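Labels run A, B and C following the written order; every chain starts at residue 1.
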Amino acid sequence: MSKDIVLRVVDIWKRFGQVEALKGVSLDVYRGELLVLLGPSGSGKSTLLRIIAGLEYPTSGKIYIDGEDITDLPPYKRDTSMIFQHLALFPHMTVYDNVAYGLKIRGIPKDEIDRRVDEVLELVRIRHLKDRKVTQLSGGQQQRVAIARSLILHPKILLLDEPLGALDLKLRKELHIELRRIHQEVGNTWIFVTHDQEEALTLADRIGVMNDGKLIQIGDKWDVYEQPKTRFVAEFIGETNIFECRVVEVYGDRVYAEWRGLKLGVKTDREVKPGESMYLSVRPEYIGLSKDKPSNEGYNIFHGMITDEVFRGSYVMYSIKLDNGEMVKVTVLSKDAEYDPGDEIYLYWRVDKGVPLKE
Amino acid sequence: MKTEVDVKRIRMFISNIPSILYILILFYIPIVILLAISFTPPRKFIVEWVFTLENYVNVFTNPNYYRILLNTFWIVIVATIMLIIIGFPIAYYLARMNRRLGAKILYFLIIPVEINYLIRVYAWKVILGENGFLNLLLISLGIIEKPLTIFFYSWVAVVIVLIHEWLPYVIVPFYVNLVGISDEIYDAAMDLGATRLQIFRTITLPLVKPAILTIVFLVTIPSLGEFAIPYLVGGQSGIMLGVLIDRYLSGFQLAIGAALSFFLLVITLILSMIMIKIFGYEALYTR
Amino acid sequence: MVKYDRLIRLVLSGYTIFTIAFFIYLPIAVIYIYSVNDTPYFIPEWRGFTLEWFMAAFRRRDLINSLYNSVLIAIFVTAVSMAIAIPPSFYIVRSRGRIKNIFLLYMMIPFVIPWIIIGISSYIFYWYIGMPKSLLTAALSHIVYSIPLVVTLLAPRLYTMDPDIENASMDLGADPIQTFRYIVFPQIFPAMLSAAVITFAWSFDNFIISYYTLGDELTWPVWVFSILGKVPRIMPVINAVSVIIITVSSIALYIVVKKGLVRLI
């Protein structure tokens, strides 16, 4: 299927004095999608967003919106709007004045401003707070004001820089649902920056993972989750087990590797040669547990002992010590969690659930 | 439970008695005496306890007083406006630069205040006076032939010296307010489509309004009662209310001096009330 | 866009440097120069370097005496006003309502009026009750202003202090005195020190209140005023003392600020 590209970021580099904040980032963003940029602190997410918004000028590279080169345009001439990490609401203004700001600046007539403010406040469901001072609002309400203030300008692209960072977990979860609803109702393109992988998986259509000024992997969120390209991505998104192993036998796409005295089956499209070292990522939820030795074809099966269990709401995470002394994490739905620390156990996963990584 | 709160309240009340009494005895009672004396006839060396409005009638009708009053307001208003115009860009510049460097420069702004202002005022004489540096410079540049006397012993000199004296007290409140505005706020305004000028008008100016209050209390009101500066550098055109009051007090004409003082007090209180109306009571002790 | 930014910054920095140099440091430079210029007169002419004026400063009994009196008054004023002003600072921050506003106004009026009014009303008051003017009367009148001064310096700090910390302390069995001693005092100590430094400096330097309330013994500013313009040959001595004062106090200020004992802003 051919997708409509609204924003094109081409080989952006950004240097601040000694610091190389972005090292050649290229990115295509599709119209109407919600793209989440995920990465640890200092990976350059904010810098990229600010360059797209025009608040920062790239050292080199180009930005296109709908095919038009906007690299040199100032922020107020771009069809983007940004929601800031600390929201940056204007503290001396009411909700109305904050939301109306962009329209007032453009000299839009008062009755149209009133109409559009009402409309957008309706959308974010805080119309009743219109005349409050923004300093008298709760964190979640302030969030909605910030969103309304940007959306009222009907930007082609909405940029959100960790806007939920300061809120508590429960409120964040509530707002995740709200954000998805608002995104669907408005239908424009959103780029949402966060360092919280759970948030990314909840919100995103697609996820782009950044590290050290580079975009490491971008794709549909489940593709990124299930087929991480590097160890960094595998470990950053979700929990995983990483097995450092060495290839011993290769039969087409079926590979056998040695891992601390145990033999693992791996499925891979990559060209590998015997003797090569390899990292294998296996998500804890893809590993099954059984008291009796299973005899399934196409599975890796190992024996070990449960050393610890942690309850995490809907699932339980077991730590298991294998016979070769290595630890493996396994998650099981709470209703199926019938094991106790000390139990001898077999664990198994389908060979194609192990993902070989490029370091 | 209730008694516990009451005990606390009583303790709080008792601990405030010294301050209440102190201000009462050494401020409010003297003010009442001042007020009383202002209603006695204008006599020299004695106070005659007879009620009269003569002094106040004088304040409003004697063209001499009238002129000095207007002069006082003129000088103080010009100085305050000049101070804001001169001081704001500096504070803005300091607030937008590296935090540590800004703080260092502020430190250098404050240091000169450690020299008593009378001495600094007097040093201006060497700069602005008849045989001062400024005249010397202008003559050597060929702009004038004979030394000008307008720089010194004039209202201009008073304004210049007031600017010197109060500039740090204008820059600091502006600075404090300006550093409180995060970069994000400016970015947000720019992102929403505001130009530089619009940002300045809609964001920066409204957010430094509290500094204006501090400046009125810190600079404008004290200047209204200034005595030494006009006395030392003001000459005829730079005469101010403080000089007039001192003239009567030194001549021991207490009644007129008291009336003029009370008049000054009322003016400053009205000004304070306007400020409190605009900014609220909390403005008196929170910045 | 970026170029435009740089231009603005250049203009602003030039402007800042020029303004500070002209309006603030020019007279300071004059004072420094004339404290070592070998002429007793303020003439725009360099007559050679001398330390004579610094020597002369130490020989003048009246000058030394006035400095001593200023220090004495400033210490007294600082100590008394700190002691009196702490309870109202707490009261103003911790309570609300009409009574508090009236109290606030009552305490703050001496703070928001020109000093000359405090000076003159005190002058008339001491005359009226027949109290001879002296260092004591001057100090008493200084305190009228320094009480609200200390309140405005302490209150913002107290404002940001969590009252629950005190409650927690009491809850753990400390009495109010112990709570103040161990919990409140360490928290407000930096603010108190700042307040004390500022109050001291203010009192030491105050001219107008002292001018109307002193007797025969003069403080440093009043003594300077009595010399200014009347005894020109003493001016370089005053300049020399100013140089000493600004040098010593700047270093002291630098140290206490650096050590974080006092916050300037």
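One rule holds in what follows: contacts are C-beta pairs under 8 Å (C-beta built on N, C-alpha and C of every residue); 3 or more make two chains touch, one makes a residue touch a chain.
On a predicted model such as this, the values are computed, not experimentally measured, just so you know.
**Q** Counting C-beta pairs in contact, which chain pair ranks first?
**A** Here the largest contact count links B-C.
**Q** With centres defined by CA atoms only, which chain is the most remote from chain B?
**A** So the chain farthest away from chain B turns out to be A.
**Q** Using CA atom averages as chain centres, what separation in Å is found between chain B and chain C?
**A** It comes to 16 Å between the two C-alpha centres.
**Q** Report the inter-centroid distance (CA atoms only) between chain A and chain C in whole Å.
**A** Measuring from centre to centre gives 57 Å for this pair.
**Q** Two or more other chains touching the same residue: where does that happen in chain B?
**A** none
**Q** Could you list the positions in chain A whose residues touch two or more of the other chains?
**A** 74 - these are the residues of chain A that touch more than one other chain.
**Q** Show which residues of chain C lie in contact with chain B when the two form their complex.
**A** Chain C residues touching chain B: 9, 12-13, 15-16, 19-20, 23-28, 30-31, 34, 42-44, 83-85, 87-88, 90-95, 101, 103-118, 120-125, 127-128, 140-141, 143-144, 147, 151-152, 155-156, 159, 176, 201, 205, 207-208, 212, 220-221, 224-225, 228-229, 235, 238-239, 242, 245-246, 249-250, 253-254, 257, 264-265.
**Q** Looking at the complex, which residues from chain A come into contact with chain B?
**A** 50, 53-55, 74-76, 80-82, 84-92, 101-102, 105-106, 149-150, 153
**Q** Looking at the complex, which residues from chain B come into contact with chain A?
**A** 182, 184-185, 187-195, 198, 202-203, 206-207, 209
**Q** Can you name the residues of chain B that touch chain C in the complex?
**A** 11-12, 15-16, 18-20, 22-23, 26-27, 29-31, 33-34, 37, 86, 89-90, 92-94, 103, 105-112, 114-127, 129, 131-133, 136, 160, 163-164, 167-168, 172, 175-176, 217, 221-228, 232, 242, 245, 249, 254, 257-258, 261, 264-265, 268-269, 272, 281, 284-287
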